[in-house]
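In the two complexes that follow, subunit A is the common piece, with subunit B as its partner first and subunit C second.
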Partner chain A sequence: MRPPSYWPFVIPALVVVLAIIIFPWVFTIWMSLNEWKVGSPTTFVGVSNYLRLTGDPRFIEAIGHTLVYTVLSVLLPLVFGTFAAVVFHQKFAGRGFLRGIFIMPMMATPVAIALVWTMMFHPQLGVLNYLLSLVGIPAQLWVFHPATVIPSLVLVETWQWTPLVMLIVLGGLAAIPTEPYESAQIDGASLWQVFRFITLPLIMPFLFIAGMIRMIDAVKSFDVIFAITQGGPGSASETINIYLYSVAFTYYDLGYGSAIAVVFFLLIVLLAAVMLYARQRMLWTEIASDA
Partner chain B sequence: MADHKISRRTLLTGTAAAGALSLTGFPARAEVNWKKYAGTKLEVILAKGPRGDNLQKYVKEFTELTGIEVESEQIPEQQQRQKCVIELTSGRPSFDVVHLSYHVQKRQFEKAGWLADLTPYMKDPTLTAPDLVESDFSAAGLQYAKNDKGQMLSLPWSVDYFILYYNKELFQKKGVAVPKTLDEMVAAAEKLTDPKEGIYGFVGRGLRNANMTLWTNFFLDYGGEFLDAKGNILTDGPEAIAATKLYQTLLTKVAPPGVAGFNWMESMASFTQGRSAMWIDGVGWAPPLEDPAASRVVGKVGYTVVPAGPKGQYSATYGDGIGIAAASKNKEAAYLLCQWIVSKKQGARLLQAGGGVPFRNSILNDAEVQSGVKMPKEWLQSVIDSGKISKLGLPVVIPVAEFRDIVGAALTATLSGADPAAELKKANDQFRPILERSEKA
Partner chain C sequence: MTPSRFNMRQIIGKISLWFAVLVIVSPAILFFLWMLSLSLKFEIDNAAYPPVFIPEHFAWKNYTDVLASNRFVTYFFNSLIVTGSATVLALMVGVPAGYGIARMAAHKSAIVILIARITPGLSYLIPLFLMFQWLGLLGTLVPQIIIHLVVTVPIVIWIMIGYFETTPLELEEAALIDGAGRWQVFRHVALPIAKPGIAVAFILAVIFSWNNFVFGIVLAGRETRTLPVAVYNMISFDQLSWGPLAAAALIVTLPVLLLTVFAQRQIVAGLTAGAVKGG
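Let's turn to the complex of A and B:
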């Protein structure tokens, strides 16, 4: 029998994958093992870039900032988005129009809205402090103070991406059968009970997808942070991405920057693994509860 | 170098022409063979801003004069710097002429040998108009453009002095005099601050990295020097500590809340809205301050030099230059363009629009040029006065960006109450190995 002859057809795809995914990765790892400053010759230094990372306070802080930023900007849009979806799932006059308005932030360019938010956050002139003053709340410092900078940036992120979660969850809600609700009504379940024991479990897979998308976006988030604070005040909002950018493209320290990229990659793989594990477990519970 | 050998004949004709011209007082242009490189095509990479605009607006005149075609692109400053470095490292840049920021890139470009030496061109009368002489550039410009061997690696284009902007109306209301010393400035700022009205005495850059340009002005006024004779960094000494204490006092006691996150944009917003009485920053902001569409303080802004410190009075100086990539194949044509860019005509246009300040004294001191300046006279005076007390505002080292980030973060930390001496010491310990590594490489 002749061996299967379809393998030549794989070659184009293989070449592309090698050229744009595998090669850059291998090259990045190789760069991370070198002292490589733009304009100077490169020297092989083994793992010393990685050792330098362990004692680099800016890097360690950046990991913390990335985690806080990610957790908040996944959770808040999930909570608000689910709530909005439940509201917009009801039938009321002008629903289509209001839904349209609600998803508008998602359509804006992140850098452009970041610049607008920067001025809205201005402690002396910004509209946010003006609005607070109308209800008697003292002026806040928003992105201009180390303690409030990350929550304020998350506010922008939440404002922009809650609609995405809402759209996904709305899709989920539309797919839920009406029978469980009818029987719940007969049993006299409260609104909260209906949500907690019927709606939430049924939209869980959708929330999971939304959470996954949000996590990917939040971890790699760069534009909004860079445009609003550039990692400041001090380095209070410097995430791994922002620090990586500074090291590679402002300090031109490509070797060290590559080492950060490799560690960042491992961190993302770890997060993805946790998410996949959670999904596996969830599937398992679903099957178990079916049985 | 074979490229710019001058034959005896050209030299003789050149000299004869020069002699004849000096008798007639005819414009210098005829001496240079402007048309020699007609048909050449040049690529120019520019940082976005008024300098680039000024070039692009009038570059047709250069093409008419020389027959050289010019393609130019403006890219936002940070991205332009990155693009240049990446392309120059590759050895085959897509541009012939490069706009560089001296205070960030000087040492890096010199060490990597990316720029062509312009010294022989400047000595060649068929390439250089007689009014373009080294001595016409200000000292800071020459310091920036020359390497330690005395070669001119670029032509100084536009200088940025730090000056004091103040709101005359607020000063008058509180009966405060324009401060002459830093101590007077603190006292004045205290008087002008009125948090109930939302008005603060002083505003300036607090954001890490950006804040260094303001702080170094204080540092210089306290007698600070960036490097010792061996090239060690000196920014944790007594001068630095004193400057930081002043910086801390100003930005925490008499500046708007949140100033730790302010770059020039937020500072300018506060000043143009009449919410801050004084602002120290680069000289180039007069056009937006005097623009009725963007500012509420039009006609009320005072311009003066940065007040004196206990050890002297300086204006922290930064600047841009225009140079030629060493890898360019059209160096002579590119040199003609560079020369035109820093010419009297172009420099006058830049100054008159308030878009930048030429490094050439013959432009700044020309009464006719001065009378065409659209900005207030006080502004021009502050520019001229700052030129006399100008001193480089950042150390000339390769890792300038790291320096600004690390010491800048220390400064920002002092705004949340950290101790200046301890923060500066920590920053220096962090920066020293970086500097050593970069100089060793």
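Let's turn to the complex of A and C:
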């Protein structure tokens, strides 16, 4: 009997994917090679949009902001998410319900929570400065000062996305066998030793995946930054994505915006490749030190 | 080890566990309680220092004002139409696609979904914005429905591939040998088994489409805003009225929060399946 072909099942989706994912990509690359502004005629300009990028101080500054924002928004959720996963791995009453509460920040509508964070950041009336005053820390300007705006936004991002890291690591913890823990208990290992020498190596692959996903999302972060600061004060929190928005939909410079989109995508792929390479290096050194 | 010391250790362990649970859950609980508090206070309480946590008089007016404005009703239906259409369309094309890809073991095709996952939403907006302009569709809800497919279709395909890979093949093979066509096998054998997977895909597609903001700020006009865009636009007009603003924000996100609590099992399953497989 001839094995049935499953192509007919895939074709409708293929058409949709071609229309809304592949076509926009091809078109974006084409646009990036043109001087393309809404309301004026388009002209082919080759790679000059890309050359313009290399000398655009605002773009270069945005890369810096994006990298700082991303590194912090990967590391902090990884640390807190791992801790939360270890806790949620224990058995306690109401665990399922509390896990539901715990993941609410990442499911909630980003713009809605950004709005509430904006109120909480308010230097005079915000609840955060009140909480700081309770422990004797002077009032901060949070998102209203260039020096503290990115850390403040990272605070929101961390609050929002720690649950995703928790869920991924929790999945990893569920897959760990119990034997190493039993022998560690017999040997009288401390909680920290158990975590450091048994749990951590075993959940490393999951931490890596969580870190990768976090990186991809943090680099692209838009809603929260846009809703809280729109890249300000000045351009202190302008990431590549926010700058891309301004170029494309405030100045309607679509050709240049397309070039930014292409470079931005390549940057994300590059970051992912660096992470993969670092992971491979780690595995090799592990193997080398085992031998 | 004496029994009493053993109990002592157990009790300390229990207390520290509960303390740890409290520490990790409180940022979420306190935030949403504060959001509720803001939304139920009159301006005088919201502007008070030190802050008022539970007001003497609840400002239910904040909610009734938001709900009574007919614009809000329009935006609510816009959200409902965009999310509903984008989800239903995504299920219609994505569930069969997930089935086909799983059965053909065409894992390389998943790379397209990976690209979609990595691409910033704004990159789709530039070319599609022009397309919609040429087609004269701006000002209707159609562009938003189409562009929300960028969010919903990959989610559905990704989750359904994972799900169909785990459903047993024996029944399907038996049905094929009995002379059923592949469409009949899909419709009557594979699809009924896949209902829990479809539920997961449905819930996640609804949430991510409902929450989407970036597509709306570019494509929506005054009449075609979805709720997240409408709430964002309230900020610039009413900088100082926190109560109604918080009430509107809470109304917008409430459906999602309720879904999260009541369908947390499905959400967790879907997110970890999608995430751990490299989404």
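Heads up, the rule we're going with is that the second predicted complex is superposed on the first by the 248 of 291 C-alpha atoms of A that agree within 3 Å, B and C clash if a C-alpha of one lies under 4 Å from a C-alpha of the other, contacts with A are read in each partner's own complex, and residues count from 1 in each chain.
As a working rule, a residue touches a chain if its C-beta (ideal position, glycine included) is under 8 Å from a C-beta of that chain, and two chains touch if they have at least 3 such contacts.
The structure presented is a predicted model; accordingly, all values stated were derived computationally and were not measured.
Engineer: With the two complexes superposed on chain A, say which partner A:60 touches: subunit B (first), subunit C (second), both, or neither.
Structural biologist: Once the two structures are laid over each other on A, A:60 reaches no partner at all.
Engineer: Taking the superposition as given, does A:124 touch the first partner, subunit B, the second, subunit C, both, or neither?
Structural biologist: both
Engineer: Check whether A:145 is in contact with subunit B, with subunit C, with both or with neither, and answer first, second, both or neither.
Structural biologist: Once the two structures are laid over each other on A, A:145 reaches subunit B alone.
Engineer: In the superposed arrangement, does subunit B or subunit C reach more residues of subunit A?
Structural biologist: C
Engineer: Report for A:273: first if it touches subunit B alone, second if subunit C alone, otherwise both or neither.
Structural biologist: Neither partner.
Engineer: After superposition on the shared chain, which partner residues are touched by A:79: those of subunit B (first), subunit C (second), both, or neither?
Structural biologist: In the superposed model, A:79 contacts neither subunit B nor subunit C.
Engineer: Which holds for A:200: it touches subunit B only (first), subunit C only (second), both, or neither?
Structural biologist: neither
Engineer: Which holds for A:168: it touches subunit B only (first), subunit C only (second), both, or neither?
Structural biologist: In the superposition, A:168 touches subunit C alone.
Engineer: A:230 in the overlay: touching subunit B, subunit C, both, or neither? Say first, second, both or neither.
Structural biologist: A:230 sits against subunit B, while subunit C stays out of touch.
Engineer: Between subunit B (first) and subunit C (second), which, if any, makes contact with A:251: first, second, both or neither?
Structural biologist: It touches subunit B, and subunit C stays clear.
Engineer: Quick check on the output: what are the common subunit A residues between the subunit B footprint and the subunit C footprint?
Structural biologist: Overlap of subunit B and subunit C footprints on subunit A: residues 118-119, 124-125, 249.
Engineer: In the complex, go through subunit C and note every residue touching subunit A.
Structural biologist: 17-18, 20-21, 24-25, 27-29, 31-32, 34-35, 38, 46-47, 49-51, 89, 92-94, 96-97, 99-101, 103-104, 106, 109, 112, 115-130, 146-147, 149-150, 153-154, 157, 176-177, 182-183, 186, 207, 210-211, 213-214, 217-218, 227-229, 231-232, 235, 242, 245-246, 249-250, 252-253, 256-257, 259-261, 264-265, 267-268, 271-272, 275-276, 278-279
Engineer: Within their complex, state which residues of subunit A touch subunit B.
Structural biologist: 35, 37-41, 118-119, 122-125, 139, 141-146, 149, 229-235, 246, 249-252
Engineer: So in the complex, the part of subunit B that touches subunit A is made up of which residues?
Structural biologist: 78, 82, 85-86, 89, 108, 111-112, 114, 198, 200, 206-209, 256-263, 265-266, 269-270, 273, 275, 398-399, 401-402, 405, 409, 412-413, 415-416, 437-438, 441
Engineer: Could you please specify the touching residues of subunit A with respect to subunit C in the complex?
Structural biologist: Contact set of subunit A toward subunit C: 1, 4-10, 12-17, 20-25, 27-28, 31, 80, 83-84, 87-88, 90, 92, 96-105, 107-113, 115-116, 118-120, 124-125, 127, 130, 159, 164, 167-168, 170-171, 206, 209-210, 212-213, 216, 220, 222-223, 226-227, 241, 244-245, 248-249, 254, 257-258, 261, 264-265, 268-269, 272.
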